[in-house]
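In what follows, a structure is listed as C-alpha cells, so that the remarks can point back to it.
So that you can tell them apart, the chains are marked A, B and C in the order they are listed, and the count of residues begins at 1 in each.
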Amino acid sequence: MLKYILKKLLLAIPVLLGITIIDFILMNLAGSPIDMMTGPKMTESVKAMRAAEWGLDQPLWRQYIGWLGEILQGNLGYSYKTFQPVSGMIVSHIAPTLLLMGSSLLLGLVIAVPAGVYSAVHRYKKRDYAMVTTSFVFSSVPSFFMALLLIYLLTVKLGLLPSSGMITPGTQGSAADVLRHLIMPMLVLGVSMAGSNIRYVRSSVLEILEMDYLRTARAKGIGRFLTINKHALRNALLPIVTMIGMQIPMLFGGAVIIEQVFSWPGLGLITMSAIMNRDFPVIMGVCLLSAVVVLIANLLTDIAYALVDPTIKY
Amino acid sequence: MQSSGFMPVVRRFCRHRLAVVSLFVLLILIFMAVAAPLIAPFAPTKPTGAFSKGPTLKNILGTDQVGRDVFSRLLYAMRSSLLVGFMATVISSAIGVVLGLVSGYFGGWIDKVIMSFTDMVMSFPYILLVLVAAAIFEPGLWSIILILGFVDWPGMARLVRGNVLSLRETNFVKSDRAAGMPRRYILFSEILPNTIAPVLVNATSIFAISILDEAALSYLGMGVQPPTPSLGNMLGGAESLTILTTKPWLWLPAGVTIIVLVTCINLVGDALRDALDPRNTLR
Amino acid sequence: MADMNKPLLEVRGLRKTYPASTGSFFRRDRFAAVEDVSFTVNAGETFGIVGESGCGKSTVARLIMALEAPDSGEVLLDGQRLDNLSESRRIPLRPRFQMVFQDSGSSLNPRKTVSDILREPMLHHHVVSRKDADRRVDELLSLVGLPAAAKTRYPHEFSGGQRQRICIARALSLNPRLVILDEPVSALDVSVQAQILNLLRDLQKELGLTCVFIGHGLGAVRYVSHRIAVMYMGRIVETGDAENIFSRPAHPYTRALLDAAPVADPDRRGRKRLTLEGEAHGLLTDGCPFRDRCPYAEEACASLAPVLSPVEGDEKHLSACCRALQQEEKSC
C-alpha cells in the first residue's frame, strides 16, 4: 500500500511541474505587471528598478527557475500590490474558502445521495423522472443567477439573511453570525453540485442494482430496504468517492465566482483581484495551491478506491 | 449489440417526451436567435425611448438604463451565447476527438504524453484557467470562444481514448489488421464511426457548460463586452441593488433564458444518451 | 485436393510471456503463456489445437497471425518467415492467412452492412475489381450458406451462427492459403455448432483449405481435424493423428480430457474415468507442469521436465510425459 501511494506521489510531481509551467507562461502572456502601475511617482526609471527588483527583466525560463527555487525553500514570494507575503495572504484567506467548500460539498452529498438512490430505486416511474428533471434544472441554473435570486428573495424581500461578507461589520463575529452569512453561498454551491451528483448517484446505483449478486440477494427474499442498504450502497460508495474527488476542482472554481458575488473573504476574492492586477506571485501561489489540492484529492480518491474495492491491485 | 439504423434511435428518443418538448423549445429559441435581425423590433444597441422603463406594448420587456429595447437585446444576446456555446463545443470536440483517437490508437509514449497533458489541464481549477486566459486576451466574443474551446476538451479526449482502447481490442479491428487493412482505414472507417454516439452526447454537455461559462465570464466582465449583448452581460447590471430590487425586467428575462436554454440542451443530451446507447432496445 | 505432405505452416519454438501481477515495482514477474510450441501444418489438412481455457491456444493463434510478436521462435508460411517482417512488408502477405474469431458478435463492425464488411478488404487488396465486387459478395454468401439478400443488412440483424458464417465468408474473401479458426463454435448453441462444423468440413473439401482449428471441446476438434495437438499450460503435451489421439491417448492429460466428455454409448459408461482435481496454475516452475494434478505423478516428475517423444516408436505420435502410460489403463 505504501509503495502504491509513493508511486502515485512520484507520478504527481511532473504533472504539478507541468501545471506551474503552463501557469507561468499563460500569466506572462498577459503582459507585464509593471504596466498596471500608474501614478505620479512611477517614472520610467522607477519602473525599470521595480522590474529588476522582481526579476521581470530576465528571460522567462530564468524567472521560472528562480520562482521554483524559492518555492522549494518554502517562499511563495510577495504580492506586487500589497507587498505582503503570499503565504500569509493565503493562510489568512484559506479558512473561509475551506469552510465554504466543505459545507457545500456536504450539502451537495446530503441532497444528492438520498435523492439519487430514491430515483434509482423508483426508476422509470414518475417520481424518478421528476427527480432527474429537477437535477437537470439544478445544474442548468448559472450559480451567480441563483445567487441573485436568493439575494432578491432572502435579503431584499424577506430581509432574513445578510447578502455579503462573512461577519456583520463592526462585530466580532459569533459562530451564529458566520452561519447566517454562510447559508446563501453554501446553498448556491451545494445545490448546483447536487444537480449533477443526483444523476451520478442514480446511475451508479442503477448499475449495481442490475448486477446478478443483487438479483440473488433479492431472490433470497431479503427485504427491499436491507437489500438496498447493505448490498447496493456499499458498492455504490465507490463511485461516490470518485464523485467527491472530481468535485474538488469544480468546487474551487465555483467558489471563485460565488465568493465574488457574496464578497466572501476567501481565496477566490483575492484571486480575482490578483488576476485583475496581474499580481503574479499571488496568482502563482493560488494556482500552485489549487493544483496541490486537486492532486491530493485525486490521490485520496485512488487510495479510497484501493481500500473500498478489494479487486483493485496495487 | 449496437444497433445501427437511424429510425430506432429516433423512436427511442421520442420515448422521452420531455426531451422532445425540450428539443422543440430549443429549436424555436435557436430559430429566434438566428432570425434575430428579422424578428427584433429594434436595433440592439440603439436607444429607442425612455430610460429604464418597465414593459409596455412598444417595448414588451421594457428598456434598459440607456433606453435600449430589452427584448431585442435578448434576441441578439441569445445569438451571441449560442454562437459561443456552439463554436466552443466544435473546437473542444475537435481537439478532444483528435487527441483521444491518437492517444488511444497509438498508445505507448504518445499516449503517456497526451494523457499527462490532459491530466494537467483537468487538475487545473477550470474557472481559474479561464479567468487567467480571459485576463490575457482582449475580452470579447471570439476570445471567449477560443478560451472555452481550448479549455473544455480534456473530458472529450478521455472519453474518446477510452472508447478507442476498447474498440481496438474488438475482433473486427483485429480482423482488419489480419486482413492487412491500412491504419487510416481502421481509424477513420472502423473506430471513428463507433465513437460518434458518445462524442455527440458529450458534445451536448459541453454545449450546455459553455453557455453557462460564457454567462459567468460575461457577468464578471471578462467575456462578451457591451454594447454587444450576451445573456451573461445582460445580467451584469443586476449587481446594483436598485436594479435587482426595482427593475426585474432588466435581469429576469436573461436569467430565465439561460436556464431554459441549458435545461433543454441537457435534457436533449440525456435522451440522446439513452437513445444512442446500444444496450437499450425498445422496451 | 492439395498436396498433403508439403508443410504450409511451420511453427518453431514459439514463446510468449506476459507481465504477471506479482513482482516488484521495477521488475514485474512474467509468466509464459506459450512455451516452446512447435508444429507443422501441411497444405490441405486441418490441424486441431485443444486445451482448457488459458492454456495458450488463442495466444498461439494471435502469434501466427502476427497480431502480437512472439518473445522468440519462428512462424513460417510457405517457407517464408512472417514473425520478423516489418508490418509494412507483412501487409502484402496478409491475405494469405486469415482468421475467424470466437465471438462473432464483436467480429463485425455494427455500423456496416454485410456487403461493406466483405467488400472493403477485397477492394483494398485488389482481389476483385470494383465492378465484380458485388458478384463476388453474392458468391461468398452462397458459399457459406447465406442468401444474397443478407448483404444489405447489418450484423445485429443476424443470429450468432449466421454472424459466424459472415466471418468465415470474410476470412475466405481474400482467397487465403491458411485459415485460423479460434474457437469458432464455442460461443454457439450446440445445434448451430454442428451446422458450422459441417460448413467448415464442406469448405475444406470444396476449396482444399488449410486450417488451424482451435477449440476446447474435443468432439468439435476431432470432427474437423486430421491431426491434433493437446496443449496444457502453454506447452504441447501430446500431438499426433486425430484417430491415434482418440483411440490411444498417451498423455494423462489427454486421457482426462477424453474422459471428461460424456459418452453417448451406454455400454461404455461403466468404464473407469480419469478425472482431474484442482485447476491449472503457473506455480510449478521446473519439472512436469501437470504433476500436481496428475494421478500418475511420481517423484521423478518434479525434477525432470518432460519433452515430446514418440509413443511406442510412432514418430508421428508424440507425448510429453516422463513415464509412458501404463498398459493396464488402456483397455477402457
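To be clear about the criterion, contacts are C-beta pairs under 8 Å (C-beta built on N, C-alpha and C of every residue); 3 or more make two chains touch, one makes a residue touch a chain.
What you see is a predicted model, and the numbers here were worked out from it, not measured in a lab.
A.B. asks: Could you name the chain whose Cα mean is nearest to the mean of all protein Cα atoms here?
C.D. replies: Here the chain at the core of the arrangement is B.
A.B. asks: Measuring between Cα centroids, which chain is at the maximum distance from subunit A?
C.D. replies: That would be chain C.
A.B. asks: Please work out the Cα centroid separation of subunit A and subunit C, and write it as a whole number of Å.
C.D. replies: 55
A.B. asks: Taking each chain's centre as the mean position of its Cα atoms, how many Å separate subunit A from subunit B?
C.D. replies: 22
A.B. asks: Just how far, in Å, is the C-alpha centre of subunit C from the one of subunit B?
C.D. replies: It comes to 51 Å between the two C-alpha centres.
A.B. asks: I need the residues of subunit C touching at least two other chains; which ones are they?
C.D. replies: In subunit C, nothing touches at least two other chains.
A.B. asks: Which residues of subunit C touch subunit B in their complex?
C.D. replies: These residues of subunit C touch subunit B: 65, 67, 90-95, 97-99, 101-103, 105-112, 120-121, 124-125, 154-156, 167, 170-171, 174.
A.B. asks: Would you pull the subunit B residues touching subunit C in the complex into a rising list?
C.D. replies: 1-5, 170-172, 174-182, 185, 189-190, 193-194, 278
A.B. asks: Within their complex, state which residues of subunit B touch subunit A.
C.D. replies: Touching subunit A: residues 18, 116-117, 119-129, 131-133, 135-136, 208, 212, 215-216, 219-220, 232, 235, 238, 241, 244-245, 248, 251, 255, 258-259, 262-263, 266-267, 270 of subunit B.
A.B. asks: Tell me, which parts of subunit A touch subunit B in their complex?
C.D. replies: 14-15, 18-19, 22-23, 26-27, 29-31, 129, 132-133, 136-137, 139-145, 148-149, 151-152, 156, 249-250, 252-254, 256-257, 260, 271-272, 275-276, 278, 283, 286-287, 290-291, 294-295, 298
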